[in-house]
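You will see two complexes here that share chain A, one where it goes with chain B and one where it goes with chain C.
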Partner chain A sequence: MKFYRNLTIKQKQIVWAWGFLALPVLFYSVIRFYPTGNAMLISFQDWNLLGSRTWAGWDNYTKLWHDPVFWKVFANTFIYLLLGTPISLVISFVIAYNLDKLRFMHGFLRMLYFLPFMTSAVAMAWVWRWFYQPVPIGLFNNVLASLGIPQIEFLRSTTNALPSVLAPAVWAGLGFQIIIFMAGLRAIPRSYYEAARIDGVSTWTVLFEITIPLLKPTIVFIVVFSSIGFLRIFDHVFNMTTQDPGGPLNATKPLVLMIYDTAFTGFDMGYAAAQTVVLFLILLLVSLIQLRILRDR
Partner chain B sequence: MANVALRNLGKTFDKTTVLHDISLEVADGEFVVLVGPSGCGKSTTLRIIAGLEEATTGEVEIAGRVVNNLEPKERNIAMVFQNYAIYPHMSVRKNIGFGLRTSALSKPDRIKRLEEVAALLDMTDLLDRKPAQLSGGQRQRVAIGRAMVRDPAVFLFDEPLSNLDAQLRTQMRLEIKKLHQRVGNTIIFVTHDQVEAMTMADRIVILKDGVIQQVGTPSEVYHKPANTFVAGFIGAPSMNMMAATATSQGIRLFNGPTVALVQSDLTVGQPVTLGVRPDDLMVGTGQVLAEGQVVVQEPLGAETLIYVSVDGTEVIAKASGRTPPAVGETVRLGAATENLHLFDAATGAALR
Partner chain C sequence: MSLKSMKSFVFGAATSAALLFGAPARAEVEIEYWQYFFDARVTAMEQLIGNFEAANPGITVKMTHFPYADYRTKVAAAIPAGEGPDVVQLFYGWLNDYVAAELIQPLPVDAFPPARIEAEFFPMVAAMREGDSYWALPTAVRSLALFYNTRLFDEAGIDGPPETLDEMVEIAKKLTKVDGAGNITQVGITAGMTAQDHHWWREVLVRQMGGEPYLNDYQTVNYNSDAGIRALEFYTGLATDHKVTAFGFMDEPQAAFKAGRAGMHIDGSFRIGSLDKTRGLKWGVAELPANADGERFNYSSYWVNAITTKAKGEKYDAAVKFMEYVTSDEAMQIWLDVVGELPAKPSVGLTDANAMNPVFGPFIKGLAYANTTKFANESGQRQILVDMVERMTLEGQSAADSIAVAAEAEQKLLDEYYAK
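Here is the complex of A and B:
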């Protein structure tokens, strides 16, 4: 105790800070950092989960490079990202922008938009799966049929399946993004809009020159956050294509699902670990690029 | 250049009425200050003139045109906000130029106009800076510049100085007054600070609870306050108020002397309030009004304010800065008869 008493105020604060940080640091080391390091190690080994690990060097990575499925999956993952992020950004902004101006039933509508975010992805995926079924089961095709429009193969076409899986994933994330956008919109002082009104500029000018530039920090957050979400998409795909996960013909398979398949269907842990490392690098790279592009200049 | 007229303006939010029957004529080129405590309706009045708020009843006229149903941009006004409302992501140039977006001027004319305004406000060197790189006073000038650039008929200022520190506020006060003398536009200025009102205004409008208490020049509202509220609000420190009764000899202060102040329209026994400004209340001169012990001294340099306890209430008086009475000393305070104010005790209205 004498030792502690002789410390300066600053040193005492540091002791306390580390005291509180010790538990999370320990937790993260054991639960996060150790497995991450281990995964990187396994990516250079061959292992079937039960047998002994053998050193494989760069074999897993060269195999990945020459694997046509990997490149298909790689492309799919980026299609999820490049479609999902801008679409959800625009939709959530449009809803938040208009909801912010609405007083009537504001709270109720906000709750409705937030509801999908709280719903289990599995339940949602299965409901959407039902929507997509052919006549006489599926909702969408029944509606189309009653209007006399030919049926659409949503989940069983190699071209339609990916957007069909993406739609509920976008919908599920909207609630959260709307809430974040509304918070951003609320933070803009009213007098900015009043000054613009007195200057008599058009609604579009106000939107593009005041609202959107001032929402930039919010937009950066949502873009990075939703990009990471779409790069890691798994549960919607898995639950909507259970008979043939990632099908048809790998048309909807994202990287995470390929990792899951390789690891727990193929029991090729080394190969799965190599894929995981690649996913990690992609996530890192995309986030860094986005932060750099969208950062305040 | 334009006059502004408010006719029987009323404003109700939900069920609360915040403005009652406000009528005011502002002449072309006049500098009018609306002043009052917070919640008195001064900002609401300004926002109604600007068109940011709709009047529940009554008419707003700018330059001889009733503008009730016109959008703010059609009213030919400009407004300076309390938080300046300058856009943090735009340079000073773009901020000032924002007001010219909708103007009919050609591009070279706009640039010329912008530079004229920048020169007038001494900001030419700052045009390419972002607001974050400016001091409080400079931001204030950007906000004024943005208002000026469109050359509006009427300038509206909504407490523009309250975010500045005391020294800068004094300086900006002077700058705005000089600017008004140079450009000569009509200005309606809202503040809660009576010093700002007194120093800047051609005419002051004092509001309380959504009702105009008095309209007059700084000298009129100071020397001839219409009621006890105006008397207490204008002037610092506040006017001393003493309860009194009218008698046949004059005004008898409670537990004190009778002041020989004969007022023909008073009935004997009528309760009144006698007001005297600390500036006019001095030790041992004029009509003796009160006697008591000095409780606190406030030296201000040239003079010293003394707080004197008279029958349990404190009265503020002025004493010499060099030889003020000591704390604990008993003093007799007096004032010249012409400096006494008399108010009806029940209504607060001035009686002389």
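Here is the complex of A and C:
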């Protein structure tokens, strides 16, 4: 205690600051950094979860490089990203832009759009899975069949399955993005619009010259957020294809699901850890690129 | 609270306290038992534990169960840490991994002499022997049979289940219904490699077409042959040529059968319990259809119990006693009655009452000609067959090409597993 008493006020402040910081620092090192480091270590080892770990060097990484499933999964992951992010961005902007102008039942409609975001992804995926089933139980196909149109294979198809899985994932994220967009729209000063109206500018010019440029920070935030979400997509895919996870023929399998499969049905922890490290690097790269764009502002 | 009820409360509390503190004059041993969660299995095990505790005062058994998905992870984490079960349940295919990881210890030879086990149990249990002793033993075994919907059979004027594969196809044709848009609304027989059909294809159809699915103690894939191609063409032909089934119909085969939308369904004995509970479903069981030469095959599998390396001293002795009880004739009959899984000893299973039972009978007969696949990674090996069928049905690949890809992939998986 004597030691503490002899400190200057400045030093005492530092002691207190570190005292409060100790908890999160401890938390991060035990819960985040230690497992991360351990995962990187495991990626250089062979481990079936039961036996001892043995050193494998770069074997897991060379196996990954030569694994055709990995490249298929890698492509799928980016298809989720490249389809999901722009589509959800455009839809949520259009809805937010028009909802912002609407007065009639504004709160109710906003609630309706936000509702899917609050719903559990698992429950939602199973309901959509049921929608997509073939006749006689699937909702969509029953409608088609009652019109005399042959059914569409939504999930049991190598071409239709990925968009079918993506659709509810996009829908689920819309609510959040709409709220963010609406907040962004409200933050644009009204005086710009008044000035534009005095100048007699068209609605389209207002949209492209005022609204969208001033929404850039909002757009960048949503892009970063939803990109990370789509790169990590798992629950929708897993729950809609549980019997053949990521199937058919790996058509819907994202990287996270491959990691899960390798680790917890194949019990090949080393190989799964190597895939995790690759996912980590992808996420890091995508985030860095996007932060770079953010800074250009 | 009135005075009278107050009195009786005090009296009750005093007696239960006396019981609580008076009893532990004898040494109490508590052992832990772990299994994965499957409703009927938990019920059956609760009953077994009750009987065991009544017969062995002083020993209590605490059962813990987990969802199947977490099971292996938890066992692997707990035992080396000195926590977890004294007696553990595992799939027969995991034995090598558990032995290698020193999670389980061999059963004592005096209580479980190998000669006696080999004389009493079904021969497939021999896979649990390594060296001079057995490492694990099953209470029950499973086999496949053909479930059929008797109401749909009556409706279509069919007198009984098929005896041969050709008959099966003909019956299935009569049971299939199609709507105006050409979609199947009721299948003659369910199909789906994700369910039990991969066992049916691997161990039954390939053999019935004259092949041998694996060689070298299941370490070499051998189904890439004319017999294998015939088996695959027969299987996918149910959907593509005969149009008596659709893959993915009603999401999963057992759901279609439960809903009364499938005439026939191949499944394991463990399905009996849940079908029994389905209201309005009338069903029967028959042996798997034979081929034209009358040859029948079946697939059997089992879960075993073993003593973990954590059990020592008096807990070990208690665990041995518990193992003796769960592999006893009495336990096997309870397991059959509650879960529907078949006794692991012919002496219990092949009693007249059981063998003539209309529900269990066909499964028990199936055990006599069953083979047990030695899996290195069951879900991985199943996935390869799932993909094999999907390459044909979704991408139009020929049976010969698709089976070649599957055989190569499975051989690679087996080589990697046995190289370790």
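In this text, the second predicted complex is superposed on the first by the 275 of 297 C-alpha atoms of A that agree within 3 Å, B and C clash if a C-alpha of one lies under 4 Å from a C-alpha of the other, contacts with A are read in each partner's own complex, and residues count from 1 in each chain.
The rule is short, and it goes like this: a residue touches a chain if its C-beta (ideal position, glycine included) is under 8 Å from a C-beta of that chain, and two chains touch if they have at least 3 such contacts.
Only a predicted model underlies this, so the values are computations on that prediction, with no experimental measurement involved.
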| item | value |
| --- | --- |
| Touched partner set for A:L155, first chain B, second chain C, both or neither | second |
| Partner chain in contact with A:M1 - chain B first, chain C second, else both or neither | neither |
| Partner chain in contact with A:I9 - chain B first, chain C second, else both or neither | neither |
| Which of chain B and chain C A:F267 touches, first, second, both or neither | second |
| Which superposed partner A:L23 touches (first chain B, second chain C, both, neither) | neither |
| Partner, of chain C and chain B, that touches more residues belonging to chain A | C |
| Residue ranges of chain A in contact with chain B within the complex | 189, 191-192, 194-201, 205, 209-210, 213-214, 216 |
| Residues on chain C engaged by chain A in the complex (per definition of touch) | 69, 72-73, 76, 97-98, 100-101, 103, 179-185, 192, 194-195, 246-252, 261, 377, 379-380, 383, 386-387, 390-391, 394-395, 420 |
| Of all residues in chain A, those that touch chain C in their complex | 46, 48-51, 129-130, 133-137, 141, 144-145, 148-151, 153, 155-158, 243-244, 247-249, 264-267 |
| Residues on chain B engaged by chain A in the complex (per definition of touch) | 50-52, 71-74, 77-79, 81-83, 85, 87-90, 98-99, 101-102, 146, 150 |
